[in-house]
Amino acid sequence: MKILANPIPWPNGHKCAVSLSWDVDVESGLVYRHREATNKRLAARTLVRYDANVAVPRLMEVFKALNIQQTFFVPGWVIDRYPATVDLILEHGHEVGLHGYMHERSNDLSPEKEAEVLERALQAYVKRVGTRPKGWRAPAFAFSDKSLDLLIDAGFDYDSSLMGSDLPSLLKNANGDLVELPIEWTSDDWPQYMHNQDFNFSMPVRASSRAMEVFRAEFDAAWNFGSMWISVWHPFLSGRLSRIQAVIKLIEDIQQRGDVWLTRLDHISSHVRSLMAAGTWQPLVEQLPFHQLNDLD
Amino acid sequence: MKILANPIPWPNGHKCAVSLSWDVDVESGLVYRHREATNKRLAARTLVRYDANVAVPRLMEVFKALNIQQTFFVPGWVIDRYPATVDLILEHGHEVGLHGYMHERSNDLSPEKEAEVLERALQAYVKRVGTRPKGWRAPAFAFSDKSLDLLIDAGFDYDSSLMGSDLPSLLKNANGDLVELPIEWTSDDWPQYMHNQDFNFSMPVRASSRAMEVFRAEFDAAWNFGSMWISVWHPFLSGRLSRIQAVIKLIEDIQQRGDVWLTRLDHISSHVRSLMAAGTWQPLVEQLPFHQLNDLD
Amino acid sequence: MKILANPIPWPNGHKCAVSLSWDVDVESGLVYRHREATNKRLAARTLVRYDANVAVPRLMEVFKALNIQQTFFVPGWVIDRYPATVDLILEHGHEVGLHGYMHERSNDLSPEKEAEVLERALQAYVKRVGTRPKGWRAPAFAFSDKSLDLLIDAGFDYDSSLMGSDLPSLLKNANGDLVELPIEWTSDDWPQYMHNQDFNFSMPVRASSRAMEVFRAEFDAAWNFGSMWISVWHPFLSGRLSRIQAVIKLIEDIQQRGDVWLTRLDHISSHVRSLMAAGTWQPLVEQLPFHQLNDLD
Amino acid sequence: MKILANPIPWPNGHKCAVSLSWDVDVESGLVYRHREATNKRLAARTLVRYDANVAVPRLMEVFKALNIQQTFFVPGWVIDRYPATVDLILEHGHEVGLHGYMHERSNDLSPEKEAEVLERALQAYVKRVGTRPKGWRAPAFAFSDKSLDLLIDAGFDYDSSLMGSDLPSLLKNANGDLVELPIEWTSDDWPQYMHNQDFNFSMPVRASSRAMEVFRAEFDAAWNFGSMWISVWHPFLSGRLSRIQAVIKLIEDIQQRGDVWLTRLDHISSHVRSLMAAGTWQPLVEQLPFHQLNDLD
C-alpha cells in the first residue's frame, strides 16, 4: 500500500534523511516568557546556561567522534551574549540557523515588531558568522502569517517550524519561496523531559529509554517509508549526562542501519532545490497567505 | 461471571463489532477554540491541514489495501473548504458523518445558535454529499441538552458522542429516537499524542506502542465480552507516518483474530434497528431530557 | 530492618488487609464542580451514569463470583436518586458508606453548611438503608478541620479520607474518636484513567496494565510489610470493560497469594477497636484540632 | 569521546559520588503555597505529616541497616515544630541542611524579607542543632539573585539548588564563595509521584518501577562518566511503603556496584574545597551577580 504519496529521491541511494537539529536558547526563552521574573530565577537560569557551559561543548565532542555535522538554531541574543558558543559550533563544521532575537513568539508580535526583531537577529548573526543565515526556526514554532514574507525578503533558503508534511515542501508567496523542512512536537524533547516550575511547564519527566521510544518511532518511520526525520532537541535537556548516552546510541544505530543520510538541514534544502531544478521531483506547494479564517466565513 | 448484562447478537456470528472512526477537523477546531489567534498560528494550522493534505489520502490507501470501509466525521466548514477530501472519502466507500459546522461545542451555545449551526452544517453536507447524514458526532463530545431534539428533528439515525454504555443504546425523546454508539476519551488519540501549545493542550507525547496498549485493551475487551469498540482518531495524529504502522498492524491483527465485525457506524446502527424491529434484542433506553440538576434539588 | 514501626496483628494470622473500596458518585461530583454547566454536559453526564447503569451491577456479579464483600461510598443525593443501586449493593452483602450529599468539598464549606450537608446526607442514608452509616469518606478527600467533630457527633465509627499512615490510626477530639483507615491518591484511579474536559481533568489515559503497576505495588507493599491497602476506585473508571479484567485478575491473585484479609472497611475498623479494647495493639493517635497554621506563627 | 569536560578526582579512587538528599517539609510548603486554606485541608496536612510521623523514622532504620549517612534539608519552622524529628536525624549521624523558614520561594520575596526569613531559619537551626548549617537548599529551588550574598554572609559552605552543571561548581560573589552541588527536577520525586489537588499539583502517579528508570539513569550516568548524582526526595513520597523497597534496592545496587562514594553533601563540599586548596582540581566558577536581563538589552 502507498503510504507516502510523493516519494522523494535522496542522494546516493539513501533510503531516508535524518537531521538532528538543536535549539540553543540559553536564557532567551526564559526572558521572553517571564520577563520581569527572570533575573530572580537563578535555578532556571543556571539550567539553561548549561546549554552554553556544558552541553554544546559536549555535543561538539560527541559529533566529532561520530563524524557528523548537524544544525543548531541560535537566537540573536545568544549569538551576542555567547559568541564563543557560536564560534565553537561553526568551527566544528555544523550549521548555525537563526531562531529569533530573544526567542520571541512571532505570532504574538505586530508585523512591525516582527520585522524589527528579525532585522536585529540578522544583524547579530551576520556580525558574528560573517554570512547570512540559510535556515530559520521560529521560536516556539510560532511562525506567523507575516513570517514567510519577511523570511523571503531576508533571503532565507529554508524554514523548519511548520508541521504540514512528512517531506520537504515549498512555501510560496508572490515574491519567492522557502523550502519547508517540517517538524512536530513529537520530535521535541520538551514533552519528554521538561519539568520546571520557573518556566511554568511541568511534564512528568521520563527516562531517556522511554523518550527514545517516541523518537525512534519517528526515525523508524522515516527509514521504512523513505521520508525524513528532524529532531528538535535542546542541549540542556537531551545533552544532559543521563540522556547523552541514548543520543549516542541512537546515532550509532542510525549509522549502522546504513542507507541513512544523516546531515545538516541546509544540505537537505539544497538537495530539494536541486531536484526541483532538475525536474526530478516536485514537493507539495503551500501558497501563502492562507485564507483568513473566522467562524462565520 | 456475567460481565455484560445484555449481550447483543452481532451479524454472521461475529463475536464483537469494531469501528475505526475518524474526526477530520482540519482547522475548524482551532478556529473555534482560538478565534482571533488562528490566522497567525501557522504551525498549528499546517499541522491540522495535514488531515486533508496527507493523512486522509493515506488512510484511503491503507483501508483500500486492507479492504475495509469506515466512518469519518467531518464539520460542515471542512466540507465547504475541502470538498475534494470529502469526495475522496466517499469514493472509497466510507461513511461521512456530520461533526458541527465550525467544530462548535454545542453545550456552550444557546439553543437558537445550536439550531442555526446544525442547519448550516446540514446544508454543507447535503450540498456536497447529496444525501442527508445518518450519523452525528458532537465536536469535543459536547452534546448538549438540546442536541437530541435537534438531531431527531433533522432526521439523524445515530449519534456517537456519549459515554454511558459498552453497547449501542437508544436515546429517546417525545418525538423519536437515535441509536447511540458510545465512545469515551480512552479511545481518543488526543490524550496519547497531542501536545501543541497553540491549542493549549499539552499531553506527554507517547510512542504509538504505548498508545496501542490503551486502544488494544479496548479492542480486547470488546472481543472477550462480545461488545463493541469505536476509536475516535484524528488523521493528523494517528495517520502520522510514525503511527500509521501501528494502525495497520492493529487492523491486520483484528482481521486475523477472526469473528470481528469491522465496519462503518451506520451499519452498526442499522443492525441495531433491525434487531429491535425483529424483537431479537433491546438496547438500554435513555429517555431525555434528563432531570435538571442543581445541588439543592 | 524495621520498615513498619508498629505492626498490627491481623485476624486469623493474615499477613495483611486489603479493602477494595469504591466511590459511587454518579452525577454528584459533576454537579458540585460545575454547577451551572452540568445540565448541558450530556457526555460527561452519561459517563458518570455508567456508574449506576452498568458498572455497579457488573461489580456485583464479579464480587459474587469471587465471593468477596467490599465497601461502596455513596453520596446522599445518589442514594435519593438511584435507590435501586444502593439496594443492589446492600443485597449483595456489601457495605455502604457515606460520601457527602452532593459530593461537597467539606473544606470549602462554612462549618454551618458542612453540618447541614452532613445532616441531609445522613437522612438520605437512614431513610434508605435503615441504619446509620459506620463509615465516611470525604468527597475529594476534602476532610475539613470541623469534619472530625461532626462525624463523631453523628456516631460514625471510622473515616477513610486521610493520608497520614500506612495502618489504621485513631483520630481523637475531646468527645470521642474515629478509626482512620487511610488512603492516598496513589490508590485512586483518577490519576490513571480520567481524561474528561467537561470535568476539567485531563490525565494522559493509561492502559490498565500500567495502572495496575501502581496499584499492585501498593498491594505488594502491604503484603510484604504486613500493612493494609485500600483502593479508591470509581465504577465508571475501573469498572469499564477494558479494565474489569485487570481488577478480576488482581483479586484472583490476591486470593491465590493467601494470607490476605480481603474485606469491608467496617470489618477492619471493628478489628482495630477489638485490638484496642483487648490491649493487644494501639494505633497511632492523632489528637485534633491540629495547631492552626500561618506563616508567622 | 570526552563526555565530561573537567573530570573530578573522587576520594579513594571512587568512580563517582552519590548523595541521596531529602527535603523534610512537613506542612511548611503547604502553608506557604496555600496560606489561608491550609488549616482546613486535613488530608493534605496528614499526608505531609507522614514525613515526621512515619517516613523519617523509617528512613533512619533503613539507612542504619544499610550503614549510610545522608543529608536532610529541613525548614526552620519544621525544626521549631518537629524538634524530635531533627534530633532523630542528627542522632543517626546524618547531616541537617537548612531549607528556608516556612518553605518560602526566595525569588518571590523582597531582599529585606529574604534576609529576615533566612535569619529566622538560622536561629531555629542554631537553637536546636547547636551549630550553624553548612548546607542550603532553596525551597522549590527558588534561589534568588540575592541568595548568594545572603548565604555567603551567613557562613554557608555549600548550596544545592541550582542546575548548571554535572559536577560541583563554585558560586562567587565579591565577598566569597559557595560550593554548588547541583540538582535538577529529573532527580526530584514530585514529577513521578505527586498528585494532590490540595497542593494544586497533579502528575499522573507512576509506580516506583517507572520512577526508578528515571533515577537510575541519573545514577548510571554518574557512574559511567565519573560525575555525581544527588536525589531530591521527600520522605512522604519516596518513603511510602510501596516505594521504600525500590529505594532500598537502589542503595543495595549502588553498594554492590562498588567504587561509588555514597555520602553526605557536606562531605562532598569539603572534598571539593580540599581539591581546590591542593590545586588538584578546579571547578567551573560562576561569578554572580549574573548580568541583568531584559529583552531589549
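Think of it as A, B, C and D in the order they're written, each chain with its own count starting at 1.
Just so it is clear, contacts are C-beta pairs under 8 Å (C-beta built on N, C-alpha and C of every residue); 3 or more make two chains touch, one makes a residue touch a chain.
Fair warning: this is a prediction, and the values are worked out from it, not measured in the lab.
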item	value
Farthest chain relative to chain C (centres taken as mean CA coordinates)	A
Cα superposition of chain A on its sequence copy chain B - rotation in ° rounded to nearest 5	90
Interface sides of chain A and chain D: same vs different residues, half threshold	different
Mean-CA-position distance for chain D and chain C (Å)	35
Gap in Å, rounded to a whole number, between the CA centres of chain D and chain B	49
Interface hub residues of chain B, defined as touching at least two other chains	203-204, 206
Interface residues, chain B side, partner chain C - complex	1-5, 107, 138, 140-145, 147-148, 161-166, 182, 184-186, 188, 191-192, 203-204, 206, 213-214, 216-218, 220-222, 224-225, 227, 284, 286, 290-295
Touching residues on chain A, where the partner in the complex is chain D	27, 31-32, 35, 37-47, 49-50, 53-54, 57-58, 61-62, 64-66, 77, 81, 102, 104, 193, 195-198, 202-210, 240-245, 248
